[in-house]
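Here come two complexes built around subunit A, the first alongside subunit B, the second alongside subunit C.
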Partner chain A sequence: MEQVLSALFEIASFGAIVVLVVLGLGIIASMMGIFNFAQGEFVLLGAYVTYVVHAAGLPVWLGMVAAPFAVGALGFVLERTVVRRFYAAPIVAMLGTYALGLIIREIVRGLIGGLYISVPEPIGGSINIGNMHFSTWRFMIIIITALVMVGSYLLLAKTRFGLKIRASLENPGLARASGISTPAIYGATFAFGAALAGLAGALVVPVFSLFADLGIRFLIQGFVAVMVGGVGSFAGPVAGAGLIGVLSAALPWVIAPVAADILVFVLAIVFVKFRPQGLIAGKGI
Partner chain B sequence: MTHHDHLMSRRRFLGNFAFTAGAIATGTGSWVINADWANAADGPIKVGIATDLTGPIAYSGNSDANVARMVVKQINDAGGILGRPLQLFIEDTASNESVAVGNVRKLIQRDKVDVVVGGITSSMRNAIKDVIVARGKTLYIYPQLYEGKECTANLFCTGPTPAQQCDELIPWLVKNGGKKFALPSANYVWPHVLNEYARKVIEANGGEVVFEEYYPLDQIDFSATVNRVISNKVDVVFNTIIPPGVGPFFKQLYEAGFLKNGGRLSCVYYDENALSINQANEIEGLASCLDYFKALDKSDPVSAKIQAEYDKMFPGTFQFTAGSAATGTYRALKLWEAAVKEAGKLDRVGVAAALDHAKIAEGPGGPAEMVPGKRHCKMNMYTAVAKGGAYEIVARSAGLVDPKEC
Partner chain C sequence: MANETVSPEALPRASSAAPAKARRVLPIIEIVVLAIALVVPFVLEDYLTIFATRVLILALFALSFDLVWGYGGIMSFGQALFFGCAGYGVALLGRDLDVTSILLVLPAATLIGLTAALLIGGFLLLGRNPASVIFVSLGTLTGSYAADRLARGWYYLGGQNGIPSIPPMSLGQHDIVEGLEFYYLALGILIVCYLLCRFLVRSQFGLALTGLRENEARITFFGYQVQHLKAIVFALGGAIAGLSGGLYAFHEGFVWPNILGVVFSTQVVLYVLFGGSGTLIGAIIGAVVIEAASFWLSNTFQEIWPIILGVLLLLVIMFRPAGLISLIVSERERVGSFGQPGRRGR
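Up next is the complex of A and B:
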């Protein structure tokens, strides 16, 4: 019983981490039709901002608050200067954002000397119930992920801004004719997706430590999640991320970890073969 | 802006971008460092360094290159070798075997170096050794701790082997940790071969291996493994998981109460660089066994002097540590210097014959000597334990430890 409970907790916490990381990627992919290969590096930047704030002697939570704003701002600038030129050519957009990611990653590698650096969690330790130990910070991540998910959903589904985003996605021409400035909406959406990645990086850096390849680690998983979940909606990538995260954390409990790693991808490919539209098909929320 | 203009500007942008990327990719990565005096009749002796100056393990490669700069400068300041100055050629192996082969070929064919020191990972050594030793007909010295079994002629190893890292450490772990060992490992050659040897030593000392398990190199969630460690009441986690996985793994072990319940962590590549991966309390008591620790500067004046010289020449992020092959690079160059002096010439046969039994009286961690016929190096080994974010030496080998290779 105890073992089952701790297994469920660990699996849920890793699932939450993957959802958190994929959220921004999914929003940009679904709402803008751009596969942002620099998303992993936005996660890395969020982690880096948190580290810098901590290294300056300020509390870690302050860095976690600052990270989404800093990364969102950078996302906004990059959308204005670079990404915007690629909307007509999604393949070129992949290469372009990959290049951006590469530049960001190597700059951060230089800044941290290629080392692995630990960043403490704002609330450390573990919650002990009997013989079971639950990491406090992982518990916090589950809660924050749930809050961010609900918040993002409300933003997209219930606000005027969300309506404009969806309008620009479904019919850009009509949206423009109705007086919506689609370039401004795209800029804001990209910045929002980047900010979510920044937040994800800030929250997970105490768990994984800061290193230049932090983002890459999640990029492949993120794309598989979007593919499995289905592009076009908000719920699709989130559902896909939950599934991939839970699978990759749960399989090592039952089979050899090396086989589990491969099996996650095999299952994803088989799933997409039989349901190419993904878990949740269609556009919208 | 017309559609046509738009296309043109994108093409131009991509063209410029490709040019810049190409310039960044090829423009850097080669250094030639001449001696202040280069007027000897025979010209300088050429030393080649091939190491990972860029890529994920660049922090190691840059330390190794720095050590080479330091040792070559010291030798030149002391009059060079055989009255000739040393000229240092440094090439980047870029943590990428195909790039490395090209760059090492430059050292051999263009620069015609007399010796190559370098390579950090075993896959890198395997990729470049043929270029150097077989086709290049040049001497090669590999400086990193590794899994052993490299017995190629004209290839000498100056880093610790599994025997050197396990023979002293594992009995200590059984005494100071317990008998039940877990061997969680990254899935590549070094952990597989090291574990094979470690298992023998564990069992010979009355311990048992509860589980030995391999993980993908980029796995970063170890909840299932941690659960196995806790539920099997493992005493010692003898870890060969590498970054990035090792940080989250140790953290999850700590959060699950492994250390609080008296568990002992051990990891034989852990040096001063690795201390920053986790917060100090998460790895309290971790035991490592290497040929050198910074903590030796309190008891060994020679090590303290080398460390101080390095820190003075290269203040900054790239530390002089054993795990990054910096101490192995130091030994490699000094042993080679001794061999060239004995041989009195630079031809490969003569130098290799002298290097086969070369000795140095002073080095980081103490003296070192090659085991004749084995092309591996005997050295002192130290067991150290992490306490509050630094190492404390808890045991020293009685003398030079045999590598037991070839």
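Up next is the complex of A and C:
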């Protein structure tokens, strides 16, 4: 019983991490139709900002608060200068954002060297129930993920800004005719997606530690999750991320970890092949 | 751009209208590159010849990607999967079965690449639902990543360290070791593959491919089996990638999981985009330029060279989407002319 509970906790916390990472990717892919290859590097940047703030002697939580704003601002600038040119061609967008990601990754690698740097948890310790110990920080990640998810949903579904975003997605021409500045909306959406990635990076860096290739593993996992969930809606990528995260965490308990890792990807691709629209089809929220 | 994307049926006529006037730049570039490649080993020192051989093998790999992306319009983000599978395949042949004869291992490498590409391409491309471009690119990317992880975790394949000290390739009793001999072997194979690809993309099949790349919907309405065409090109690309992977394994003498992985897959994308996709020779120039620049610059600017590479790539994608070669080759020549003008009865 205790073992099952701690396994469930592991699975839930890893699932939450994947959902957190995929949220930004999914919003950019669904709302703008761009598969952002630099998203993994936005996660890396969020982690790096947290590390820099920590290294400057300030509390870690301050870095975690600063990370989404810093990464979001960078995302906004990049959208204005580079990503904007790629909207017409999805493949070129992939390559362009890949180049952006390469630049960011190599800069960070130059700054930290080939090292693995650990960043302490802002809230250490563990919650003890009977003989079981749950890491407090992982617990916090689950809670924050839930809050961010609800917050993003409310932003997109209930606010005027969210309405404008969805309008620009649904029918850009009509949106422009109705007085919505679609370039501004796209810029803001991209910045929002980048900020979410930055937040994700900041929150998970105590768990994974900081290294230059931190983003790559999340990137592919994230893309697979977005495809499994279905592009075009808010709920799709989240559902896909939950499924992929839970599967990746749960399968190693059953079969050999190496095989589990690959099985998840193979299953996901086969699933998408036969259901291209994903778990949750349809546009909007 | 809009003026130059002529409809496929207008192509032969457009070229027959001015056969002599249009200056053909591509053949000149091809001959220059060939001439340089033939004399280079006599100018270089020995250790540089070994480096040049590696570049030739990578150029062959780039050629396979250019066939798939530049002509088939399939963004294969996992081309290294075929390269690496064949590399591992021949490494195992050499290690476990003691098969090193060039007459066996190179066909085996090609066959492994072809089979892997047929399986993966068939799965991703064929079927009731036509595959979206995004799905194919992410599917191949995922395949490459998964293969990398598998090789890292599988003890039989040597795990993280890969398979070291593969015996040299042999012809009868003679061992083909790195150096001049291997250089000209690689060059010969590259030339043969290049000519085959060139013939293919200038044939009627290539005409259908060009139409497919420029306007897929129209080609579908003409009654072509678009997905089948794509699967064939993908398989051919996989075969060439496999051949280059086999050569690479024997040239380096070892294989390790990186040659299956995502970073290597994207490396080849860089070569082709940088040089110019859809010209064949552009892929080769891209591979040579990037590898040579990496070789010289990574000594002096070890830290910032990857950043420079990224910035260059971004600039090329933003401002020169047709690559370096578009500086001297016109869009019209890039699309090319097909068949022999005047002899096609219409």
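What we mean here is this: the second predicted complex is superposed on the first by the 285 of 285 C-alpha atoms of A that agree within 3 Å, B and C clash if a C-alpha of one lies under 4 Å from a C-alpha of the other, contacts with A are read in each partner's own complex, and residues count from 1 in each chain.
The working rule: a residue touches a chain if its C-beta (ideal position, glycine included) is under 8 Å from a C-beta of that chain, and two chains touch if they have at least 3 such contacts.
No experiment lies behind these values; they were computed from the predicted model shown.
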Subunit A as common anchor, with subunit B and subunit C clashing or fitting: clash
Subunit B versus subunit C as contact partner of A:100, first or second or both or neither: second
Partner chain in contact with A:182 - subunit B first, subunit C second, else both or neither: neither
Touching partner for A:14 - first (subunit B), second (subunit C), both, neither: first
First, second, both or neither for A:258, with subunit B first and subunit C second: both
Partner chain(s) touched by A:209 [first = subunit B, second = subunit C, both, neither]: first
Partner chain(s) touched by A:6 [first = subunit B, second = subunit C, both, neither]: first
Which of subunit B and subunit C A:248 touches, first, second, both or neither: first
Residue range of subunit C overlapping subunit B upon superposition on chain A, of 57-65, 93-101, 183-191 or 291-299: 291-299
Residues of subunit A contacting subunit B in one complex and subunit C in the other: 85, 92, 99, 109, 257-258, 261
Residue ranges of subunit B touching subunit A (in the complex, touch as defined): 10, 13-14, 17, 21, 56-59, 187, 213-216, 218-221, 223-225, 227, 231, 243-244, 247-248, 251-252, 255-257, 273-274, 276-279, 282, 316-318
For the subunit C and subunit A complex, residues of the former touching the latter: 75, 123-124, 127, 129, 131-135, 137-139, 141-143, 145-146, 149-150, 152-154, 262, 266, 269, 273, 303-304, 306-307, 309-311, 313-314, 317-318, 321
Residue ranges of subunit A in contact with subunit C within the complex: 35, 82, 85, 90-92, 94-96, 98-100, 102-103, 106-107, 109-110, 216, 220, 223-224, 227, 257-258, 261-262, 265-266, 268-269, 272-274, 276
Footprint of subunit B on subunit A - complex, ascending: 3, 6-7, 10-11, 14, 85, 92, 99, 109, 113-118, 120, 125-126, 128, 133, 135, 138, 207-209, 211-214, 217, 248-249, 252-253, 256-258, 261
